[in-house]
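Across the two complexes that follow, chain A remains constant while its partner is chain B and subsequently chain C.
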Partner chain A sequence: MSVTHDARVQVHRPAATAPRPAVRGWPEFNNPAAWIVAIILLIMPAIANGFFLIEIFATTLILGTIALSLMFLAGYGGMVSLMQLTIAGFAAYMVAVFGTSDNANISLGWPWWLAVPMALALATAFGTLGGALAVRTEGIYTIMITLAIGAAFYYFTNQNWAIFNGHTGINNVATPHFWGVNWRWDIPFYYVVLAVAALCYFAVDYISRAPFGLALQGVRDNPRRMAALGFNVNAHRVAAYAIASFIAGLAGVLQVWNYRQISPGSVSVGACIDILIIAIVGGITRPIGPYIGALVFVLLRTFALDFLVKIGLDGNRFRLLIGLGFLAIVFWSSDGVIGLWQRWRASQRRETNRPGGGRGHG
Partner chain B sequence: MTRFVERHPAWALIIIIAIVIVLWLVFSVWPPGLEEAIGRKRVFLNAVFNGITLGGLYFLVASGFTLIFGLMRNVNLAHGSLYLFGGYVGYAISASTGSWILAFIVAFILTALVGVLLQVLVFRRMEGQDLRQTMVTIGLSIVFADLMLWACGGDFYQIQTPSWLIGPVELPLLTAVKSSGEPVYLRYPLVRLVIFAASVIIGVAMWLALNRTRIGMIIRAGVDDRDILAATGVRIQLVFVLVFALGAGLAGIAGVVGGTFQSLSPGEDIRFLLASLVVVIVGGMGSIPGAALGALIIGLAEQLGSVYIPTYAIVVTFLIMVLVLALRPQGLLARR
Partner chain C sequence: MLKCSVGLLALSSLFLSGAAMAQDKIKVGVTATLEGTYTVLGEDGIRGHQTALNVLGKKIGDKELEFIIASTDATPDSAVRAVRKLIEQDKVQILLSPLSGDEGIAVKNFAKTHPELTFINAASGAQETTYVDPAPNFFRFNMDGAQWQVGLGKYAYDEKKYRKIATVGEDYSFIYTQVFGLALEFCGAGGQITNRQWVPLGTKDFASVIAALPDDVDAIYLGLGGADAVNFLNQYQQAGGKAHLMGGSIMIDQTILSSKGNAKNALIGTLAASGQADTWEDKGWQKFVKDYQDAFPPNKRFPSPSLLATNYYGSTMALILALRQVNGDLSDNQSKFKAALAKLEIDAPNGKIKLDGNRQAIGTNFVTEVVDDGKGALFSKVVKVIPNVNQTLGYDPAVFAKIGLPSRTVPECKKY
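Right after this comes the complex of A and B.
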């Protein structure tokens, strides 16, 4: 459990170090770096053009939100679920099935404000049921069961033509138009994605410090003691799955609006594992980790081809690069990029302290 | 057996009735009403035989997986990659030398070597850290999959069946009776039957090795409590390497088998990883008889499902897994 055990260190730190800030629940308000990141994200459309805005930043935020749901389960609940992308894909399929698309014999043609809540409700139910199955076993078995669920869903979408339209998937899914705005235009869509991502981020941040989140972390650290204290361990775990499924479902809706189509390729086992890679590379001890991981992943995926060709290698070896990077992170930093950053900060601090100590001796 | 009947009389009755029904379906000549309702008997028998032989293949893959998991608590998610690697090696050998038997031997040795390297270089460094080991196997499966795609491309390969195994044989099972009163017997590919027999032999050999030899005793003791076993002075690292080599080698053999009666291509690694996951979840983690039972159930479910409810076949497999998890989360034949 070495990958998940460090998260507890983070929980009480804000309250311990900050001298009772005015807004105690939100340590981000005192952090200048957080403000800078927020402002950059808000004025991004003025800086970046359409390609960067959608292909890099919106995609990062969507993948990051899916990975955030995994981070919530793994970091606070100790349950590494590989089916988060499957839940997102399920929500995406449901938007396509209930909404409007080119496949008129499948899509029911509901307006988006009816199709989206329906998709979210179904995705949450699907994820909660999967979670209820997964919590029947513990630890390492969770990975196997959730992977089996994800893979089964992938093969099912490939086989089933009545609802999922087989391996061609559902194309030209309608995106919402209202108040005279086409919300799939680059700039409005970017702000929609940013708003959802921010909402999910702060929700997870809030829950991690709410009584439920604290109890969940207790369940992660010592389920037997929590059971002895009167907490219903399995109910907490299933509730965590429900919350994570809702977050993943939101991201899935955004994903289908982003690509305007959904096919089994988007819910393949490889894609499920990509979400795990994103979360692990970013670090699963804090909600910001998945977004960092997603940025690294999207940048690599977009530019690795050019980069590999430039240094004289075969451009198709992008997955090899991802796999090796992931292995390196798992080998040397159990806390992803965040862990590396914190270690670097700690060593910097030691270095600034050392000259002082040296003077004392000399 | 008698204890099971005494403790679960209702379940025992259901199982006995199911077995009787299946035996009747296999051996009787079907009345016309039944043929009208669910199709020809030949189709049914073919599906059953395909299911059983596919179960044999699944058993070969899953037994290595479950053995490694049982002893080392290492969920080796790179097991599918070992399967595919064994298949490619077998294809290369059989294409260059033309010998099918040699393909098995070389595939076994090479995949076992990969397994030894993995255990010595990677997993020994992170012993007791289950989750981290699993993450590493995920990373390795990505790297392996891409390396194999690089080396072999995205084509389909099929290993040539040796000439003495080509062609169907007639089995003493009636499929129908012609209007002239002449019985029609089932014809089935010989190679599949031979492969199934081989997997049964391997399974029995493994069972004997685990239950009747000293090293098997050590492995069983390690499955139960590896700390105490290490404390008694057994060189447990050696046992780990041996078991990892055996499990990986079995995956390699399974790759050659799968390459002979199906085909090899990128993506097969994931398919067989899923199959072995479901098989060991159903059968019980770390149990060889459990892997055999699980493989049989899943193989039959997959083949019968794809014949009778084609677009929902995978759901049947999945429902079996859900049912087992709901009723017996540790798996059908696991002890804990």
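Right after this comes the complex of A and C.
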């Protein structure tokens, strides 16, 4: 074992924060744009009908939350994990298995308030174990290990009939009813999703500024120096996986409630990579990025076919349009939509400061 | 005052025209697998649907049908997503969906959450869809996978003298249902199924499957479809496979028989069963084939319609005929329309079809053999026609229920 492993976890050391006292507070509170977005999200049910509310906005928030867990790992921990959707799918399956569904021979019929914590605990354990495997590697090897876990889980669900009910998956999963409200009705469900997404967003935002998050970013930037300072690098990474798994698990629970069914198609390798695309397209530097990426993704996925037909082209080529959209975003901005926005803001500022100043080098 | 009343008039006419527009159109959502392994099947399904519209027209009394197509990839999730989009965004009143087996099970379950709408199955053929806990608003005008295999096992045993066979199939509900139909008959006649191999939908590499095929069998039954079937045939030929083949309903189908390359030639002489036969002499069938061929240029269609085209044609036909019977009346949660569908008997290209109490088709089945037409095109030739095939395959419902639901290992190879 190397020195790295002998170091103790010292997350709460004041020294960790001491050199960076001027850490930003809650910048969003002073940003009018953030307030506008928050208000629009809150009054969304008054604006959007059932389809836009659930299929577009709730789905965006769910996918965005899964991508947020990847953003947390990749942006702050420097670990690109392709298994975040797998963890979400695992949580979704566990809700179906422990809860109530049409497959009475599989589902145990627990009430939702028992099934959901169980699912979250198992999903967090699953993700943490996967993470513990993956932290021994770096860069491309982390991607490969996590992709392998995702692919293995997909094929396992596809062929296991005892727990996962194979390719058919588990249908008619029960959703919670209490206080006289069916929480899967469009408007209550939207608010549940919004609350969970907001919670995860602020949690990630908070952690990124908390001692643990700062230490994690230190580990990302220079693991050797962090080890020399006495931080247990691997323990930080595994803890990051645990947090990310919990976030992904929450999103997975919402996903199974959304469609009331779960089947291997939802945890396919393609879907795992979709999460990476969402995070990259949105930008992995800030927690808002995944949500923007998810919105772009959901809009393209839902409307590309209609759009092509409307302008008189062959609807069968809609995948091409989706691909071109992503290509364009990544081509012009390696850090996603967030990067485009930041660069635009910077150029605006530059133009006001130095009129006649050149545009970016493009 | 004048201005005001003109404005009012304009406004009211706007509302009226809005109301009239809503009255004039009946919106129907259609899903097909336009992505993934079953893309060619989905595309031909849509061609069958178009052919039906060409023949029957879109007018229902003074109303007009409007169709909105959504794409799926044969997974249940994609089907539910597509159906939800059609209902919630496009506000369709009737659904023609879905194409593939597990999609059917998921959409049937979803149909229960929208009891006011009507779902007409487009082509999916898993037994469970209409057999277990059926949805009252889900109607299926095509037979299921087991019904489509009726006649095959007996013919193979009696005429071809096959005694031992092995099966290779895609690992999902439709193929389970097909093997179920085959096994009941073949094993019932005294045959043996020595080995059942299951491959995931979308398998590209069949090397290990081919290596594990037993040598001491009289024939190998293939329950594959779309790209999987073509991949298997290519690799099977490269591996020098020479066994007699038997095929499921989407294996011996124009989607495979008119694929490019030589691999399909391995299929000449293959025995199969399906809800249709390409060279059936029946007048209605011949007319359908001609309508299909006239509707599309030769390079944009198959030489002859596939089973999917036929199913989409049949379901579209049922939709239009039932709507005409009630003159497009969808009031009272579509109850008149649903009643008309339940009683409807259609003269589909592949024989008469009526529904049973679970709203599942009772129809005609065909045992076929693949022949070369001399110009390099392959067709399925009828060797036997079996009318009036019901979902319990002629078994007493109580006996049938004891067999269990189709799965990897059900039914056992014995006489029930």
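By definition in this document, the second predicted complex is superposed on the first by the 319 of 362 C-alpha atoms of A that agree within 3 Å, B and C clash if a C-alpha of one lies under 4 Å from a C-alpha of the other, contacts with A are read in each partner's own complex, and residues count from 1 in each chain.
Assume a contact is a pair of C-beta atoms (placed from the backbone, for glycine too) under 8 Å apart; a residue touches a chain by one contact, two chains touch by 3 or more.
Everything quoted here is computed from the prediction, not taken from an experiment.
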Fit-or-clash call for chain B and chain C when the two complexes are aligned on chain A: clash
Which of chain B and chain C A:Y141 touches, first, second, both or neither: first
Which superposed partner A:V330 touches (first chain B, second chain C, both, neither): first
Contacts of A:R319 with chain B and chain C, given as first, second, both or neither: both
Partner chain(s) touched by A:F156 [first = chain B, second = chain C, both, neither]: first
First (chain B), second (chain C), both or neither touched by A:D102: second
First, second, both or neither for A:V296, with chain B first and chain C second: neither
Dominant contact partner of chain A by residue count, chain C or chain B: B
Partner chain(s) touched by A:G169 [first = chain B, second = chain C, both, neither]: second
Clash-bearing segment of chain C, relative to chain B, as chosen among 112-120, 220-228 or 346-354: 220-228
Where chain A meets both chain C and chain B, residue numbers: 155, 159, 161, 316, 319
Chain B residues touching chain A - in the complex, by the definition given at the top: 73, 75, 77, 129-132, 134-136, 138-140, 142-143, 145-147, 150, 270, 273-274, 277-278, 280-281, 285, 310-315, 317-318, 321-322, 325-326, 329-330
Contacting residues of chain A [partner chain B, same complex]: 1-4, 80, 133, 136-137, 139-141, 143-145, 147-149, 151-152, 155-156, 159-162, 269-270, 273, 276-277, 280, 314, 316-317, 319-320, 322-324, 326-327, 330-331, 334
Chain A to chain C touching residues, read off their complex: 49-52, 54-55, 102, 155, 158-159, 161, 166-169, 171-172, 259-266, 268, 302, 305, 315-316, 318-319
Partner chain A, residues of chain C touching it in the complex: 34-35, 43, 69-71, 73, 75-78, 80-81, 84-85, 88-89, 102, 105-106, 109-110, 112-113, 128, 133, 171-173, 198, 200-201, 407-408
